[in-house]
Structures are given as C-alpha cells and as structure tokens.
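The structure under discussion is supplied below as structure tokens; questions concerning it will follow.
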Amino acid sequence: MNFAFSEEQTMMADVVRELLARECGSAALRGQMSAACSFDRERWRKLLELGLSGVLVPEDAGGLGLGGADFVQIAEACGHACLPEPLVDHAGVVLPLLADCEGETARAALTQSLETGALIALAHPQTPWIVAANAASAFVLPGPDGLRLVRSEEVRRVQQAGIDPLRQLFTVSGEPAAGALIAAPGAMAALLARAAERGAVFTAAELVGLAQACVDLAVAYAGERRQFGRPIGANQAIKHHLASAQVKIEFARPVVHAAAALMPALPEGVPQSVESRARVSHALLAAGEAATLAARTTLQVHGAMGYSWEVDVHLYLKRALSLTQRWGGPEHHRQRIAERILSAPLGPDRLFPQVAKVTGTTPMKRTA
Amino acid sequence: MVDLRYTDEQQAFRAEVRDWMAANVPAEPLPSFDGGRAGFEAHRDWEARLNDGRWGMVTWPEAYGGRGLDLIRWLIFEEEYYAAGAPLRVNQNGIFLLGPTLMEYGSEEQKARFLPPMATGEEIWAQAWSEPQAGSDLAAVRARAVRDGDSYLLSGHKIWSSRAVMADWAFGLFRTDPASERHKGLSLILFPLDAQGVSRQAIAQINGEAGFAELFLDEVRVPIGNRVGADGEGWRICMATAGFERGLMLRSPARFQMTARRLVELYEANRETCTAAQRDAVAEAWMAAEAYALSIYATASRLIAGGSIGAEASLNKIFWSEMDIKMHETALAILGARAELLPTAPAAGDVGRWLDGYLFSLAGPIYAGTNEIQRNIIAERLLGLPRG
Amino acid sequence: MNFAFSEEQTMMADVVRELLARECGSAALRGQMSAACSFDRERWRKLLELGLSGVLVPEDAGGLGLGGADFVQIAEACGHACLPEPLVDHAGVVLPLLADCEGETARAALTQSLETGALIALAHPQTPWIVAANAASAFVLPGPDGLRLVRSEEVRRVQQAGIDPLRQLFTVSGEPAAGALIAAPGAMAALLARAAERGAVFTAAELVGLAQACVDLAVAYAGERRQFGRPIGANQAIKHHLASAQVKIEFARPVVHAAAALMPALPEGVPQSVESRARVSHALLAAGEAATLAARTTLQVHGAMGYSWEVDVHLYLKRALSLTQRWGGPEHHRQRIAERILSAPLGPDRLFPQVAKVTGTTPMKRTA
Amino acid sequence: MVDLRYTDEQQAFRAEVRDWMAANVPAEPLPSFDGGRAGFEAHRDWEARLNDGRWGMVTWPEAYGGRGLDLIRWLIFEEEYYAAGAPLRVNQNGIFLLGPTLMEYGSEEQKARFLPPMATGEEIWAQAWSEPQAGSDLAAVRARAVRDGDSYLLSGHKIWSSRAVMADWAFGLFRTDPASERHKGLSLILFPLDAQGVSRQAIAQINGEAGFAELFLDEVRVPIGNRVGADGEGWRICMATAGFERGLMLRSPARFQMTARRLVELYEANRETCTAAQRDAVAEAWMAAEAYALSIYATASRLIAGGSIGAEASLNKIFWSEMDIKMHETALAILGARAELLPTAPAAGDVGRWLDGYLFSLAGPIYAGTNEIQRNIIAERLLGLPRG
C-alpha cells in the first residue's frame, strides 16, 4: 500500500508542466483563440515528442505500458494549462481503446498514430461533442454493426458552436459501411464502457488541474490588487472563499488519483465492478464540483476584471462548464454511486476494492 | 393593515398594461443592445415607443412623461412588462438611476434639460463610477473636475462604464476639491460622451459583448451647471443612487418570476431525463422568485406608508444575485451535454438563452458593489456589528 | 393591495413582546428548565389576559374575529422568546379548530377555554408529539368514528423524552369511545387539513422569530467578546456569516406574512387551493431553513461558549430542530411545492392567488 | 510509486486486529465517559485492556507499550477498531496529543515517567489550553508559572478543558516570563489535577454532559521537570501538538466511514419514506467519508516517504467537521418527526444515537481552533495570501 507518487511519476508530469508553461501560456492561448483554431499542430507535436500518446498503450503495441497513476498527473497538468488540444482524450481514451481492439486494422492505426502523432477521435455516446474533429485524421464511430474506424475524408463533421472559446466542437457521422470494422457489436459495448471509465477518470484529473489553476490565478490577483489601502487578499472574505475552494480540491484530488490507479496498462484490466465504477464516478463528481467552485470563486475574487474577456478567468470557467457535462454528466454518476452503496458491502475495509478478497476472518455483518 | 388583494383600479391598470404590451411588444426579440449599433438603436426605438404610450417609467411625474403612480402600480407594470416578453431597458442607467437622482437632487433646469430626452430615449445614459483603482473602494476616485470659469475640465480614467460604448451621456464622480481625500470633495457631474477629450475603449465581457467601456477623459469641458447637487456632495448622492440600483428599481421581481416559469417549462419539456433532485432545484428556484417578489411588495408597501430603504437594499442585492445564478445553474444541469452549446449550434435544440443568461447572472454578485461589500453593509449598518 | 401591517397589528405584537421580555427571559426559562416544567401557569395566565387565545376565534364564538395577519407577529414574538408554553398551537390551531366544528360540545369547550384559559391540545397525525400535554385539560383526538373531545382524565399520556429541554412532549391516546364526538369522519378530514395549514403557517412564524433571536444573540455576543485585541464581530468572517443568516430571514419573513394573510378569521375561509397550500409550504420551508442556519450560525459565533449549557444558544438550536419537523416536515412540503408548480399556472400575475380571477384580457400561454 | 494494494503482511495485520477486537470489544457499548464516574472508569479499564494486547497505540515505540508500526498499519488498526464498534478513547488527549509531543520534545525522564501510565490508562489526561480571554486567540494566555526554587507555582484560570472533570493530569500553556507578550515566554507544563490549589468546575455541554471543566489554579506547585521543552518554547510545541490534533490522529477516517455505513443502513431501513434527495445526501455522505479516507492514506504515504504535515492539517479539520455535521443532518432528516426524540423515548424506535451524534458534531467546527481560524491558516500559510 503506497499512495505516494514515485519520483519518476512526478518527473514525467513536471516535464509536461514545463512544456505547457512555455507553449501554452496566456499569450499563446489568446493567439490561438483569435485564429479560431483549437488545434495547434506545433504544440501537439512537441507534446507527443515527450512520448505522451503511448503512456497507456501496452509495450507490445508500441507504447510505454504504464498505468493510470502514471498518466493522471499529466492530465492534471493539461487541465491546469487549459490546453485546447484533446491530448487527454487521445492518449487517455482513444489509443488505449485501439490497443484494446483485436485485429490488424486497429493495431495499424494505433501504430501509425504513435509514429506520426495523427489525432484519432472517438464518437462516444456519452460525449456527443468531439473536440477538434477538424484536426483528426480518423474517427472511431459506433454503429449498428459494431465499431468502425473511419478516415476523416469519409465522415460528415458538423460544427457545434460551444461556449469554450479555445475548443471547437463537432458532431461526426459516417455512412453505415464507411471505413473498417474494428469490433463486433458484442465487443463494442465493453470497449465503449471501458473508454467511458478512462474518459471519466482523466477528465476528472483535468478538472482538478483546472480547479487548482483557478485558485492559483485568484491568489496571485488577490495579492496584487489593492483596495481600501491594502491587497484585497488581506480580507477574510477573500481568504475564506479561497480556502473553501482549496478544501474542495484537496478532497477531490486523492479520489481522482485512486480512481486513476484502477486503470492499469493492460486494457482488459480496466475494472468493471460496481465498487470500481463508483470510485470513477466519485472522482468525476468531486473534481467537477471543485472546478465549478474554484472557477466561480476566482471570478468573484477578480470582480469586474474577471468578468472581462481580456483576463483568463473566463477561459477556465467555460472549460469547467464544458468538461463537467462530459462522460454522462453528474446525474449519471450520482446514480452509479447510489447503485454502489445500495448493493455492495460498505465499511472501512472496502476503501480499496481488492481488500475483501484477501481478509475477512470475521466477516462484516452486512452482506451484499 | 395587510390586505393582499388588488383593488379594482389596480386590476384595471394591469389589464391596460397587458393590452398595450400585447399590441406593442415586438414579435421577435430585439438583438442585444450591447452586441452592436443595430441592437442598440432598436432598443432606443423601443424606449421611444414606450414613451409614446407613457409607459417609460410609470412612477415618474406626468410632467416628465410618467404617470405619477405608486410603487404597487410600478410592480404591476413590471409584471406585465416581463410577462409580455418586452425588451430589456437600454436606458436603465438613466431612467432607474439618474432619473430618480435628478428628481431628488437636481435643479429645475437640470430636470427640464435632462429628463425629457431621457424619457424618450433620445439620450441614452451610461454610468461612470469605477476607476482602475476604485472598484469596491469607490471612495478612491481620482478623476478630477477642475474649475475654469463657468466650466469644469474633467480628466481621468473611468472603467466598467456600462452602456458607455454607444451611449450619449454619462454621469460620474469627480474630485472637485483637489486637496480632498476619500469620500470628501467629490461631485456628481454629467458629461456628453461625444465631447472633445473623451475617448472610449470598449471592454469585451465574458460573453463577448462590449457591455462596458473604459473612458479616458482629457480636459473635457462641461458647464458647472452639469454638476448635480452641491459641490462636494457627490458621495452622499452617489450612495443614494446606489441604493436605487441595489434596491428596487434595477431588478424588479417579475423578471425572476419569468425565469422561474421558463425553468419549470424546461423541466417539463425534459421531464423524462430529469432527476428528483432537479425537480427540487426547480421548486427552490420558483420559491426564491416568489420570496423575492413578496419581499419587494412588502418593501413597496412600507415605502408608500412613508418608510425608507437603506441597508435593506443590500439584502435584496445578495438575494437576487445568488438566486439568479442558481436558477441558471439548474437550467444548465437539466440541459446536460447541451448546456455548453450556443443557441446557433445545430444540435442545440431548445437550449434557448440559458447559457447566455448564466454568464450574465455571474455578473450579479460583482456589479453595483460586490456581494462581499453588501455583506459588510448588512453587518455594520443593519445589524450593528463593529467596523473592521 | 397593502403588504404593511397596521399600527394596531404591530402594537398588539409589541404588547406580547414586552410581556415576554418581562416574563420569559433567560432566567425564567432556566428556572423553568431546572424544575422540568414546560408549562408556567402564571405566565400562561398573563399571556391569555391579553386576549390572545381568541384572536383567531370568530366574534360570534366569543373571540376577536381577527385573521392570520393579526396573529402572525404574535407567533413570531413567541418564537423569539423561545416560549415553552404551546400558545401558538392553542390559539393558532386548536381553538380555531373548535370554532370550526359544528355542535354544542365543541362550542362549549371553546367558550370555557376562552373564559378560563384551559389548555386544549390536538393530537394531529402530522405532529405526533404534543407539547405540555400534562398541562392540558382536554384533547382533540382523531379516531375511526371522527374527532372526539376527551377530558384529560380519560386519556393515556406517554412522555416522549425529546431534545428541547424547555418542552415536555407526549403521545396521547384514549379509548375509542372516550369523551364526546365533535366531528364526523367526513368533516374530520377537512378540519384536520385546515388545522395543518394553520399549524404550518404559525409554526413558520415561530421559526422566523426564533431565527431573528439567534442573530440578535450572536450580534450582541460578537460585539462584546474580544479576541486578538478587538471584538470578534469586527472580523469579516463573523460579519458575513451573520449577514447571510439575516438574508435568509428577510426572504422568509414576507413569505410567512403572506401565508398568514391567507388565514382569515372565518374558519371555513382557510383556502385549500394548490396555490394557497404551496404558499403555506413555502413559508414553513423558508422559515425552517432560516432558523436552522441562524441557530447554527449563532452557535459558531459563540464558539465553545455556545456549546455550553449555560448559554441560551442551545435552547434555540433545539427548539429549531423540534419545530422544523412539525406539520409533516420539509419533504412533505417540498412535495406540495412540486405539485403546485407542475399543475397550476405560473408567472408574476400568480403571486397573489386571487389575481387570476379578475384579470386576464390576454391569457398567459401556459394553462393549468 | 502508487500501488493501492495491501501487502500480505498488512492483510495479516488486519486479520490479527480483527480477531483481537472480535474477542475483546465489549458486547454492550460502554456508558459515556463524560456522563459520570462509572463510564469514565469503564473506559479506563478498556484502555488497560487495549494496552494488555499492545493495541493502545500501535505507532508508539515498543518500549512504551506500542508496536512501532507505520501510519498505514495505524490506519488499518483504526479501520478494524471502529468496524468492531470499539469504545471511544477516553485518554485521547494523552495518547494522540501529549504522547507524540513528549516523544518529540520531552526529556528521557519525562518519557519514562509519563508514557507508561498513559499507555495503560492509569493516568488519564486532560488538555488545558484555553482561557476565558484566550480562545481563538490562544496567544493571549495569562495563566502564569512563577519559578520558586526547583518548582513552578501555577496560577490562573483555564477553561474548556476536555476530560478535566475526572482526568488525573493535565497539560497546558503557562506564561513563564511575566514580562512577555503574546506567543513569547510561554511554556508547556504538566500538572496533576488532584494537586493542592487546583479546583475544577464542570461545564455542562449542550448535550448535558460535563465534557469540559473550568480549572482554577492557585499557586499549584509542580517540579520544574514538568516543563516540556525549553523555557519559552511552549508556543512552538503547542502548535505542533495542535497539528496532531487537527491532522491525522484525533479523527481517523474509519470513524466517519462507519458513520456513512450506518447512514446507508438507516436509509435502507426507511427506504419507503425516503426521497431521492435524501438518497443523494446519503451518497454524498459516503463519498465524503471515502474522500477523507483516501486523503489520509495519501498523507500517511507522504509522511512515510519523509514528508511533513503543516497547514494541510487545517484542510482536514474543515473537511471532517463539515462532513460530520452533514451526515448527521441527513440522518435526522430521514428520521423526520422522530429526529427530536431521545433514544429513551418509548416512540423513538431505531433513532439510535443520531441526535447525540448531531449535537456532538456541532462542536467540530469550534474546537481545536474554529474553522474560521483554520481558513485563515489555509489562506495565509498554504496559499500565501497576505495577513490581515
């Protein structure tokens, strides 16, 4: 039992953080925004050069064969930087899904993407709007005869104007027989379910990173901005708002980290027990609440300044709004929590799902 | 004596408003007045049309285009106004804030000069309170008015001036006594926004619209007759104006009651996917809007009976601003994945203007004095807690 | 349309307030508490000498024939004073119910109570614990054959130890044929329903008064108690907590007042429309929330002092806990709100239920 | 490297604890230790029994009756302890607060003198931090320790001393430098509660039990060897102790996880009358308890890896105290009209100790530094906001 990241795990995230600090600062984001481009190929290239797209891909498929605990801090860094490019989806969800598929087509596409950095996007029923679909080279599309991999020339993309000015959203559809089948209907359900678990966990990580970025922005502003002859951050009201936001973050982050640790390198290992699924849902709910509170708090701390376009506060606020409704949205995940607490054993020894298998000399009174 | 029944005359008045609105409210919503010149002018035209019907501000005296009615009739008017889906008031800084201020503190000349074109919408007003270093701390105003014969020369830097991008006139606080500090030595002065020496810089809001401007004033010459009230009396007058803003006028309950009604309709339209928690949130929203309306009716009755409104205005501001955000959050939760779509998105369906309304609602706890400032006011002036 | 109290209405409440300030101060309450007596006959006599028991009883039944708007501020005063005696139930619910009954028995009991001050209590299904039943001379008991009036000698009282140290609670039952029938089963349902409306409204008023008392206590303490060289009330955190509690109170009180104005002097006038019932439910919900927040806030402001038995804070906290669950409890009333908004017309012209009858040249789009 | 699987050794340890608890935890809950002498002594006996099994404090060194285990094992122990329904720890002020403090700051003599009887429960400890004018502002301590040869003479007035009505010893802050102010010149001194010059006055809490006492000290003579740490070092040591109190030790996650489990059981038992909102609230409670446990596991891992805990302890304190209140509020809402009944009421049915737990939970945001103080600490020390 060790719930501390290794130096390697943290170092990898630090490298991403540093790259994003250089390549994804406020000025870069604003340039990108005015160009109405949510996909900066140069930045994408630099990110992938770090090997990020293969973190969760098994070694025999050409990846690093690492697990969710290795990727989660990277996803947090993406959220903290308000990264427009869908790196978290691509490396956290789509490539692992391809690795999870049997057959040559999926493997070839995976290999090609790992080599060239080609963006592949997934049209998942729980996340109807696809980020930067205009930059994707191929799409994984569910259909009546199973999961298909369709090249971008063969799909219809419809832009869906959304609130996040850094991300262009699309719906994507293809002809029923377009592209190549990569999973039969039976396998598809399991593949999409696993993708949803991964998507929820790493979106939760993005939200935690974003929440922390909001508090960081507000703390910096509150230390500088002066009213009534002193920094506004000297006011207890400001302090207590920010302390409350930080409390929310601190008790979301370990949940996200624990949920990420459930996502192993081997794709088939993504657990589907009611207890594991509840941990994932808990992560997304807690992170969403932390991000919403932190974004609202930083807006309030910034006052009128925060309400203006020229300050970055609104970028985070809008990203939070966008991310919290992905992967089924809060009500779906609350439902999964209710299922868990009303059907599976409860108690301190159920914190880590594998415990029950090993211990239990005197069983808990409650039975599932 | 509490009697919560409308009189026959009040009912007849309601019917009259309802008829006029049914015949006059534009069938299609006007484009936003902060979104560009066309929307701004369409709203100006609407102000003129309202004035033609003598509906511009029913509480104003008849001499200035009003009807001299009491606050209960004003509430009835507002109820019918919002129920009819009538446009937002582009001249709200004028008719709700400066208008009442001029009637209380202005000279006869000022009333005669400024109120009629305000009533008709010929002159649209912006406010110019804040400065970069004077936001919550409004008494830190640095913009100055230097006396030069029969004129003032206005110089300084104003910010967050709502409507100032396209408005005709503005009112603001200026330091008329250069040696003064804090809230002393300030005066309330009116100035035309097309005057020599005024330059305006639009500020885009988080919804992308330029609802604010920065104003750079460089020796803008205005006659001393543009000062409202006595020299140095600006702070006191401004506080009274802020009371109007936070209190009754700017946020009439009907607007929130209509939001609550739309929210119930949204819930009903999405009932199959809604949870019990969302139903409870919708019920909370409706209760909040009703509570706000009842409270304003009680305040209006008290004012009619000779009472006054002071720090209570801060209670209102906190309540409606928090309510407004919650209502919109509830709507976005019901919309689920569609919440983030703009109405123009093909998949948006019936998302309506909830997202826009949400962004707008987020300004509520900030403008006209942040809710933190309002809580200080309540604690110190209403409850009597010691100053910090 | 006038939502301001008349001088007479306020004056009557002021007289009650002054009497309670004299007779129901902290020392009196503590004396009563150590005597484990929740009914001070002397105080009761003085209160009734003001004519309070007849406020809501029609003139032809010997009362003052006034309405809810005349009684509501009196009920607030009782809540503010943390009055142990069940005056609000007696004068606000039970005597109006007796006046509402047909037949001689009920009328005779009413007349006798108005003359002698005899406490009569009601065993209402929505409020199972009866306050000070040991001091009541008679009980109104629902039964299979209707509503019965039973003398105290004929009932079984079982004390139900509760959290409010100022109030002794009881369940009360009688033999099926004990006492005298005062309403047939058909009439009983309507009588009990009306009693519940009155009970909810005046309990809401007690809660609003209680909430204000909590803020008043906290403001006084925060102005006196010094830490870090200044009164604790100079801290923004304390200020903002109390301001928030006051906001809750200010937007509960007019709802309670409006709901009270729906309760006219004529008993049969108690409205039963879904809109009126929702206003009553709204009053109880809003007042309960205000009281809970205010009680919790005053405890927090008092710190350890507030957590001690010797300071009055806990008396209010416990009374709030007790009152909020009466008359069906919050979930029951939330249900009634939901019924109202999903079945009856909505909009600004529906604020006062009678409006729709009179106006309506262009009907609102929405229909019930 | 994150690895959330227990080792075989950890699993075996869990089984060992579970077996011992199953064999030793009293079948009936003990009477409250604040409710009277019988309950107090029953808890003292339980401490002795725990110590006999070497379960008094598994993280303590073996020399003092512990097992020298790491924090992960401590967490496992606590999980099994609370899952077994074992009694609350009457000597918590000793074993969780003073014990660790002595191990870090005490002399060898002090450790040898005080730790063994603390471990066995022979000496039960009270804390004596606060004074009437030194609550949140602990640095305002006035109680003094005057040097007299090899002794201190302790005088002053302490309040809110938990357990002090029946405990044997107390530790508190005293001003050893009479000329000092604020947090300078304070020392941490241990004194027996039955000494000449100590009088104790029980303070009834809102639940009617005397969990606190006021202590009046009048020239209470103690050897200078009872001072922990150097002269004037009391504040620094006290802050470290407060860190233990707010941080890991006093509120282990298992307790809240068991409350969450009982809450789910209460929901299930009352499912027919429960609303969806109540189901959501129960789910929130469970999530909060899980989040707290996960966070403590993360902190424990960090501490094992050589990290330290500082202002983070304040995050914990705010979180568990607010969670605890919410859990109990949810339970009371589910109980409805029965919520206000004491368990002794004939109609109480299965209300259990929820009401009592609710009242107890209300102390959470107050004691060991109010949550307002904790938010200041987070803002200033963790986030780096400017001091007020």
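Per-chain numbering from 1; labels A, B, C and D assigned in written order.
The definition used in the following text is that a contact is a pair of C-beta atoms (placed from the backbone, for glycine too) under 8 Å apart; a residue touches a chain by one contact, two chains touch by 3 or more.
Since the structure is predicted, the reported quantities are computational estimates derived from the model, not experimental observations.
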Q: Please name the chain that ends up farthest from chain A once chain centres are defined by their CA atoms averaged.
A: C
Q: Decide which interface, A-D or B-D, involves more C-beta pairs in contact, and give its chain pair.
A: A-D
Q. Centre to centre, by mean C-alpha position, how many angstrom separate chain B and chain D?
A. 52
Q | Intercentroid distance (Cα basis), chain C paired with chain B, Å | A | 38
Q | Shared interface positions of chain C, touching two or more other chains | A | 235-238, 240, 334
Q: Could you list which residues of chain D touch at least two other chains?
A: 275, 277, 280, 372, 375
Q: Report the residues of chain C in contact with chain A in the complex, numbered from low to high.
A: 235-237, 240
Q. Which bits of chain A are touching chain D when the two form their complex?
A. 1-6, 8-9, 69, 215, 219, 222-223, 230-231, 233-236, 238-240, 242-244, 246-247, 250-255, 257-258, 261, 279, 282, 285-286, 334, 337-338, 341-342, 346-349, 351-352, 354-355, 358-359, 361-362, 364, 366
(Q) Touching residues of chain D toward chain C in the complex: what are they? (A) 130, 133, 135-137, 140, 159-160, 203-206, 208, 212, 275, 277-278, 332-333, 336-337, 339-342, 344-348, 355, 359, 362-363, 365-367, 370-372, 375
**Q.** Touch list for chain B against partner chain C, complex
**A.** 1-8, 10-11, 14-15, 18-19, 22, 72, 78-80, 82-83, 253-254, 257-258, 260-261, 264-265, 268, 279-280, 282-283, 286-288, 290-295, 297-298, 300-302, 304-305, 307, 312, 315, 318-319, 372, 374-376, 378-380, 382-388
(Q) Residue numbers of chain B touching chain D in their complex, please. (A) 275-277, 280
